[in-house]
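Have a look at these structures, which come just after this line.
In the two assemblies presented below, subunit A is common to both, partnered first by subunit B and then by subunit C.
== the complex of A and B ==
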């Protein structure tokens, strides 16, 4: 068992009790990170609802760039597996897409099924020096025929129109909402005469699994607040980094049973940190509880990047540490006694 | 004149949507004091945060602003609200008429979805003033927004109609505009990114995107009418409309029915 309160090692029950006391006394707590198996994320939403907390997820910058464009005009999307199996033309937009591991897999194979089966695969890159959104706009202007003449974007537009199964690969955090909206509009233009999809690179965190969970739990995307009883969605107000920097948040629960980068505010804000085995250390936050890592010490439902779906990952071994969901439930049960006291 | 006096720095964000002269004129001071404005579980009311003096008039003054006062003037349809200080996000959201003045600065999304009336910010405005909030179809939608200081990025993002005046503005001014008019004495890079229709009148500007093309110098009656219209709000902006101007058409990545008039 590994749990610490203010740097001192304590038993799990004592850490849970201290966490319940901290969160129940807070005016505006935040529940953030959510880089964990879905059972833990689900428990975190329940805890947020009972403490009047607001919720945010790791990777939400890219998530909201995607969701903003999606809400505006929809999206034509595909998966990495479909891209490897079917795409005869792939355009990488931006630095992250050009260096993605998927590019190596695409280079080493050719489409094996669908309309382009057996064809040579063409890999293209869009130079996005400067603002990537501007490069995408320029490409779309050439694709629409509003700009004409010799230009690298004109060549790319021709190649995309000639594709039988085209895929445009991009990193949402790099491209931003404006660039993604423009890219999806380009996809619509191309699909008037051929078949082109978009594929956004994952952030490496669980935000893509959190989005549907948040939707089926609250009817909203992840940045919701429960301060007024019902879930309110406001991506600006419930941005965890903004809440911590402005001093509006006075306590936090950071959930990261999977390895990830920690935010700078973790040491400054009174925080309960649930960290996976190996990442937990006494000085990370005021209260630290080590939990089992999903897919290693405990089974868990996680985002599967290759299949672009939520899938169960069984435990590879065993762990003496508790699962995060159980710890959060214990904290939630502890709230009632703290508030009654 | 009714007066709300802020008792001190709010301990949490307050939501003042619907706190308008018309709404308050129907309430006693005791009833107004019970209006919920808090955003946490503590259930703060108007009376917890403000000293309230009501006289049933169409003029309301909020003494002592703060950047945690959200949606000030939200839903205003008639009368005036004057804020002595700063305000938070969504100043005048969905306002339909009347006049709203802030002596300090405003947070993001000022005048979002406002369909009528005039909003004046004496200080600076945050990001996306006159712009759309997440997933909304449009930003400013018919009202007039005057920013006497500096506006942040994305001024007028996805605005649908109305007029925005700013002294200076950040990058991406007029991005994704559906229609309407923005006049600014200077803006940052990439004004009009993704705009479909609408007019930008700019003094100095940063880099234009390659998807705007110059269409020459023009002497149009429209510009003289625009100058006359602007002179009622800001002589400096009216003077800009009378200067020699170059016209750029765009954004060619979209419908391309927008225009940028830039000082030659």
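== the complex of A and C ==
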């Protein structure tokens, strides 16, 4: 076991009790990170509901850019496997897409399914230095014929219209909400005459598993707040970084059983940190509880970027540390018993 | 503990019961009438007692359902949480779905469209639906692996083994095909597909794919017949597709999803594409009468804002232009793809009024309500929470006439609904919502109140206001435990996910594993739905194959 309260090593039960007491006494707690197996994220939503907390997820910059554009205009999307298997034309928008591992896989193969099977694959890039949304808007203007003449974007537009199965690859964090909305509008234009879909790169954290769980649990995407006794979706109000910086939040649960960068507010706000083996240290937060890493010390359901789906990853080994879900549930039970008392 | 529901009007058409009497329950099952003094007596005088409702086709979980919440965050309203469950009043959430079905007296619900590539997420979502037993149908018919097997002319055994493996791996309750070959054809540039059109690359047709799946389902012994979503949904002339598909079944068991959306005959033969549609309900019903192998669920339309959710990407792509509000999601996914398109069934609009009329017509013309299942294809025709209102229209000609009087004349010009005098009896409602769907799913332990039945029971206060009566059950028992009293949930217990117990062939498992690794960089294990993934434990309940 490895748990610390104010830097002092304690047993798990003592750390859980201290965590329950800390969160019970908070007026506006936040539950953040959620870079963990889905069972732990599920438990965290239940804890948040009981404590009236706001919920935010790591990887949120790209996630919220994506969700904002999605709820305003929709999207035309595909998967990595369909891109590799079917795409005869791929456009990488921006620097992150250009250097994505998927590009290497696309370069090393040809489409193997569908009408383009066996064809040479065309890989294109759109430079988005400056304002990415403007770069995409320019491309769209050429595609729609609002701009004419020789221009790299004119060539890209022609290539996309000529695609039999085209894919536009982008990083939502880099492109931003307006850029994504513009890109999806371009996708709709292209599909008036051919099949072109978009594929957004993941953040490397578990936000893409958190979003569906949040949707089926609360009916809404994150960020979600439970302060008024019902789930409310508001990406601005429930932004953990903003709540911490403004002083609105007075306590936090940080959940990261998988490795990730820690936010700066962790040491400043009264926080219960559940950290994966190797990342846990006494001075990271007021209360620190080390938990097993999913896929290593414990099995867990995780986002699989290659499959663009949720998959169960069994434990590769064993761990003496508890699974995060059990710890969160114990903290939640501690809240309940405190209320009953 | 012996529980007696006493003195209610017990309606169980499977036992020929429709009279005041008692229902005895012990250990979660209905038992034969007993001389013993019950430990608990529930006074049901003035009430109607039925088996718990069974839903066969409602989009309650899965990737597209999730996307619909993201696309339309304000479709449902969230309210303050009730005691005992933090999320049940979160509009559109899994808990909200379970609570709203249970309040209406439903105790089982099936998600009809689970792509095997997204099975774990779908099953996790289903497992978070409280109060109900639930299940999902594995969707096949567009996946390259299956289509390649068929193209290469591999035998029936290979197809059977691949289907069995998909059902076993995804832990499905049955098999569905959605516009078989349509998603593949769409990705390859086609925008319309009929039963015998050639699907690019594979040289197959919907007829061949569906035929292979019909055979596979029979050979595996799946209790639920192949669940079929035909070509050309929603188009004038879709009745041709329905009847042609029924003929193509050649006497094999087949279930048609949301028949209302196919009961559209061409209104103007001179201008079939532009002349609109008229009801083909009579034609559909005649075809059903001569094909006792077939069943359908209705897909009744109700007025108001909704969102359409379908793996039929061909249909959803075509429907995108009618999106209201003007936004949609189309996903060229692994195998199936799909789309989420918001839609407004305009109150008093001519098209939606006719659609509304055709759904009711199908039910009112049907001579066999057990093969005519009540659904709204939630949320495609409207939300399942409208069932009580639909039941009211079926049972009460005056109530129907009041609604028709508010609608445009086209209802009378292009459907026979205004002239239909029939009023459903309670026994017929039980067939439509209980015994029919339970038989269709092959679940012998529910949908009736005979000794041995699972004690899933709904007790309604009898009232001429059928909407009020069926909206808030007075009492609902799940496995003999009271979960709803006076329309409110009193015990947030979990049901089970019903999963077909099917053997999969080891050689096909090895072959699929290699195929999946090549295509996804991840093998069969990555597609599994293991018990360990479910933090709540005791999730699945096995359902046996037919002998």
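Following the convention adopted for this analysis, the second predicted complex is superposed on the first by the 338 of 341 C-alpha atoms of A that agree within 3 Å, B and C clash if a C-alpha of one lies under 4 Å from a C-alpha of the other, contacts with A are read in each partner's own complex, and residues count from 1 in each chain.
The rule is simple: a residue touches a chain if its C-beta (ideal position, glycine included) is under 8 Å from a C-beta of that chain, and two chains touch if they have at least 3 such contacts.
As the structure is a prediction and not an experimental result, all values here were calculated from the model.
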| item | value |
| --- | --- |
| Three-chain arrangement built on subunit A, subunit B and subunit C clash or fit | fit |
| Touched partner set for A:216, first subunit B, second subunit C, both or neither | second |
| Which of subunit B and subunit C A:304 touches, first, second, both or neither | second |
| Partner chain(s) touched by A:141 [first = subunit B, second = subunit C, both, neither] | first |
| Which superposed partner A:181 touches (first subunit B, second subunit C, both, neither) | first |
| First, second, both or neither for A:71, with subunit B first and subunit C second | both |
| Subunit B versus subunit C, judged by how many residues of subunit A each one touches | C |
| Contacts of A:131 with subunit B and subunit C, given as first, second, both or neither | first |
| Partner chain(s) touched by A:259 [first = subunit B, second = subunit C, both, neither] | neither |
| Partner chain in contact with A:115 - subunit B first, subunit C second, else both or neither | second |
| Lowest inter-chain C-alpha distance for subunit C and subunit B in the superposed arrangement, angstrom | 7 |
| Where subunit A meets both subunit C and subunit B, residue numbers | 67, 71-72, 228-229, 233 |
| List of subunit B residues in touch with subunit A within their complex | 11-13, 38-42, 68, 70, 89, 108-109, 133-135, 172, 175-176, 189-190, 193-194, 209-211, 251-254, 256 |
| Contacting residues of subunit A [partner subunit B, same complex] | 27-28, 51-52, 64, 67-68, 71-72, 131, 133-134, 136-138, 140-141, 144, 146-147, 178, 181-182, 185, 225, 227-229, 233-237, 248 |
| Complex contacts: residues of subunit A adjacent to subunit C | 38-39, 42-43, 46, 49-50, 67, 70-79, 81-82, 85-86, 113-115, 117, 164-165, 191, 194-195, 197, 211-213, 215-221, 226, 228-233, 299, 301, 304, 306-307, 309-312, 314, 325 |
| Subunit C residues touching subunit A - in the complex, by the definition given at the top | 61, 63, 65-66, 69-73, 76, 78-81, 86-87, 89-96, 117-118, 120-121, 124-125, 128, 144, 184, 186-189, 200-201, 317, 323, 327-334, 340, 519-522, 526-530, 532-533, 535 |
